[in-house]
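A short worksheet on the structure shown next.
Order of writing sets the chain letters: A, B and C. Residues in each chain are counted from 1.
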Amino acid sequence: MSEFASPPATATGAAPPRSGPRSFAPQSGFSPWKDPSQAPIVRFDNVTKQFGDFVAVKSCTLDIYEREFFALLGPSGCGKSTLLRMLAGFEQPTDGRIMVQGKDITALPPYERSDVNMMFQSYALFPHMTVESNIGFGLRQEGMPKGEIAARVEEAMAMVELKPFAKRKPNQLSGGQQQRVALARAIAKKPRIMLLDEPLGALDKKLRQQAQFELMRIQESTGTTFIIVTHDQEEAMTVASRIAVMDKGNIIQVATPNDIYEAPKSRYVAGFIGDVNVLEGKVSGITDGVIDIEGAVSGCHYKTRSNEPVSIGQQVWLAIRPEKVRITHDKPQSAINVVNGKVDDVGYLGSISHYHVKIGNGQRVTALRANTAMTVGPPISWEDDVWMDWPTEAGIILTS
Amino acid sequence: MQTRFSWFNVTSIVLGFAFLYIPILLLVIYSFNESRLVTVWGGWSTKWYGSLLNNEQLLTAGWVTLRVAFISATFATILGTLAAIVLTRLGAFRGRTLFSGLVFAPLVMPEVITGLSLLLLFVAIGMDRGFWTITIAHITFSMCFAAVVVQSRLLDFDKSVEEAAMDLGATPVNSFFQVTLPIIAPAVISAWLLAFTLSLDDLVIASFTTGPGATTLPMKIYSQVRLGVTPEINAVSTIMIAFVTVGVLAASYITKRSTMKAAADARKAQ
Amino acid sequence: MRRWYVIAAPYIWLLLFFLIPFFIVFKLSLSDMARAMPPYVPVFDMSGLANFFSQLDFENYTFLLSDPLYINAYTSSLKIAAVATMFTLLVGYPIAYGMARAPREWRPTLMMLVILPFWTSFLIRVYAWIGILKKEGLLNLFLMNYGIISEPLNIMNTTTAVYIGIVYSYLPFMILPLYSSLEKISPALNEAAEDLGSPPWRAFWQVTFPLSMPGVIAGCLLVFIPATGEFVIPDLLGGSETLMIGKTLWSEFFNNSDWPVSSAVAVVLLLALVVPIVVFQRMQQREREAV
């Protein structure tokens, strides 16, 4: 894969062999978005797209940098696919501009956007062509000499391990193989920017995880900028260097997976990425970066460390991840960050258990506990009266 | 999922198909009747087929019909395919509503009206009536049938295949010839076959738009049928039925084989 | 731009050979008959709009209204088409239902068997019935041979023969839309209805039939519209008592050479069909947009 391998600082060869939230940035120091001297490779400049009365994308501004693996995440209908299709050239923005490497490409038709290629959700393989000629299709359009096409096709097939299937037609391939043809077909054009529209949506869970690592490997070894659209938050967390969370045509937050999880900016983002408990309250005091909150449930006081600019008396929400909540039968010594309630439901998942507890105002708070041998005391069961507490660092202040 | 025949379903299918096929079957059987009297069975014979070969008028009419059908089916398929593309791929434009009305109206328009109106047009523009006016008339109504056949295929294939072609650098024209056309080819072929048989069949419109020297087979058959049932007409009819049946069976065999092959391929891929 | 060539080719063809001819028919229906070739006073040399309107005359329409022949032909066409459509529905529904509930591997074959007669010549299929229905025809021969009747039935050259002809010729048009809407209905719905206490026949009326309504309407329109203007069937199978407007138009044109009156008949026939045609178009439109 000599031609594809460029020697970027991020090319580590193998993908990190761990799942779950992966923070790309701290590992490699790759964070061009923090560097003001870096020019973005893609810039959406105040882009709006309307279909009749329906606003699919509302004046979005977004910069994406070279070699990023960028994820557009959101529920279906949030405008993420429309944003991607505008970059590919299939939709024209109603308003705003799209720049690639500083050039305005808003008016170019898709076949003149040679920097950008797309992998489709349905794969969109040409049913009447073999794997080989599917992959060579884009190169033939450029009028590339035959020998060169053959070499490039060979190379692309090797990258996704499709060589034994070169002469097959798409309907003679399994879903996973079709997905790899779709990937190879776009990659063979060597675009600077690769767009992936729900690329793994049709695969089953096991295959999907494999394919995610394969995407990451190819992205790193070719040094291409990948922009992926997905509604699967785990997938976004696994593959992306940065994630843009979208809702109803708006970009809500753009950040690294780590920041999205640990420091969501709104209840929407907190709730979309993973499970979260949200407790309502009013700010009652601010001292040295620690905020005191008077809970909406009477008698509850919370304290949390935050730089969020808030004022006394402001309504806020405190978000706490379930795995950070401790659950016990005994009342904790401190009276801060403690809630009391009755166990409503217990979900046993093998390695961990979920406890759903109904607290004073009828709200449910969820705690997670690992089922290790070290767990002491009597097991927690339905209808038990329990106490839950969490450290000052665990709570996140949300103002919207 | 219920997959067995129930007695009610079998009965209604059997009776229904008996109704559809017995008249045709009788017609075919009686074309081999020795006797000139249609209702008296006089033993098997192929003599009426032999006498067809000497019927100069009938043969000429048959040849005219085939030529009209071939030319009109070809033009109708091209125009119909273009119309289908306009309706499914080109989006909104001024006059689109009128256009879609014009494409679908001829499908349900009584033939007498279409025939009369075309004749009046040809008279008004002073065009000599004959072979070409019939051909133009046939192109006009069969292009609409062709458009419907191609359109339904264009509607149910994945549009992103065409987008993929353009994304990979193919211009709209290239993407049509390299990707769209090969995929919709079966529909285009059946559109052609449909246009061809519609033209072979047509009596009313051809009667209005014809001129001296251009008599089609249905017109010839009609004028003889009015005089009564003859074994000779039964023989011509049988040949036409055989012609169409073989064509339809062959076409469906080809599609069946290709779908079975696709299914086998899909199984192999698992 | 290339896009415009693609639109222009079929558009211009249809304007020229479908829309404009209608205006000519309309115009001609307002002009006078003449014994000449062409047998009408030409009105195409329009020397101005005022002139055009002053030449208009509704004489042909008054003539149609004053002669009961035309009014009868008009109403009896609608009646015959409506009755025949109902019979076609009654015959076609059980067949379509049986096909939709047949084993899956049988369905394509059954479909093809329905379509096959549609591909064979309309004229020939109507002609086939002459040999069956006429006085010394095969049906009477058969029935008398088995002693079911002693006197031959008089079906040929009656309206009954026209009904049989229409039902027979248009049956595929009824079955196909019915089948496609019945096939979409999952048998699980009937099972659910029966599970909830509804006997099969009631499950049919309360679940299957309402869900097949789009197919019923489409099938009925596909039969009714062309049957109203039908010429071949009433001409070959019907007698002098069977009045249908398509046949009237034909004989007015070919036998009386009265082009203006046949144009007027065509306009009136079209007016009768405007409503069902528009309904049909709307339905097709909705189906296409639902895809």
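A few comments on the model shown:
Quick note on the criterion: contacts are C-beta pairs under 8 Å (C-beta built on N, C-alpha and C of every residue); 3 or more make two chains touch, one makes a residue touch a chain.
Since this is a predicted model, take the numbers as computed values, not measurements.
In this assembly, A is the chain whose CA centroid lies farthest from the centroid of chain B. Chain-level centrality, scored on Cα centres against the all-protein Cα centre, points to B. If each chain is reduced to the centroid of its CA atoms, chain B and chain C end up 18 Å from each other.
Between chain A and chain B the centroid-to-centroid distance comes to 54 Å (mean Cα coordinates, whole Å). Between chain A and chain C, the centres computed from C-alpha atoms are 59 Å apart.
The multi-chain contact residues of chain B, meaning those touching 2 or more other chains, are 172. Listed in rising order, the residues of chain B touching chain C in the complex are 1-6, 8-13, 15-17, 19-21, 23-24, 26-27, 30, 38-39, 79-80, 82-83, 85-86, 90, 93, 95, 99-106, 108-114, 116-118, 120-121, 123-124, 136-137, 139-140, 143, 147, 151, 155-156, 172-173, 197, 200-201, 203-204, 207-208, 218, 221-222, 225-226, 229, 233-234, 237, 240-241, 244-245, 247-248, 252, 256. Considering their complex, residues 158, 160-161, 163-172, 174-175, 178-179, 182-183, 262, 265-266, 268-270 of chain B touch chain A.
Residues 2-3, 6-7, 9-11, 13-22, 24-25, 28, 38, 44, 91-92, 94-95, 97-99, 101-104, 108, 110, 112-117, 119-125, 127-132, 134, 136-138, 141, 168, 171-172, 175, 187-188, 221-222, 225-226, 228-232, 236, 246, 249-250, 253-254, 259, 262-263, 266, 269-270, 273, 277, 280-281, 284-285, 288, 291 of chain C are the ones that touch chain B when the two sit in their complex.
Those residues of chain A that touch chain B in the shared complex are 88-90, 109-111, 113-114, 116-118, 120-122, 124-128, 137-138, 141-142, 169, 171-174, 177, 185-186, 189.
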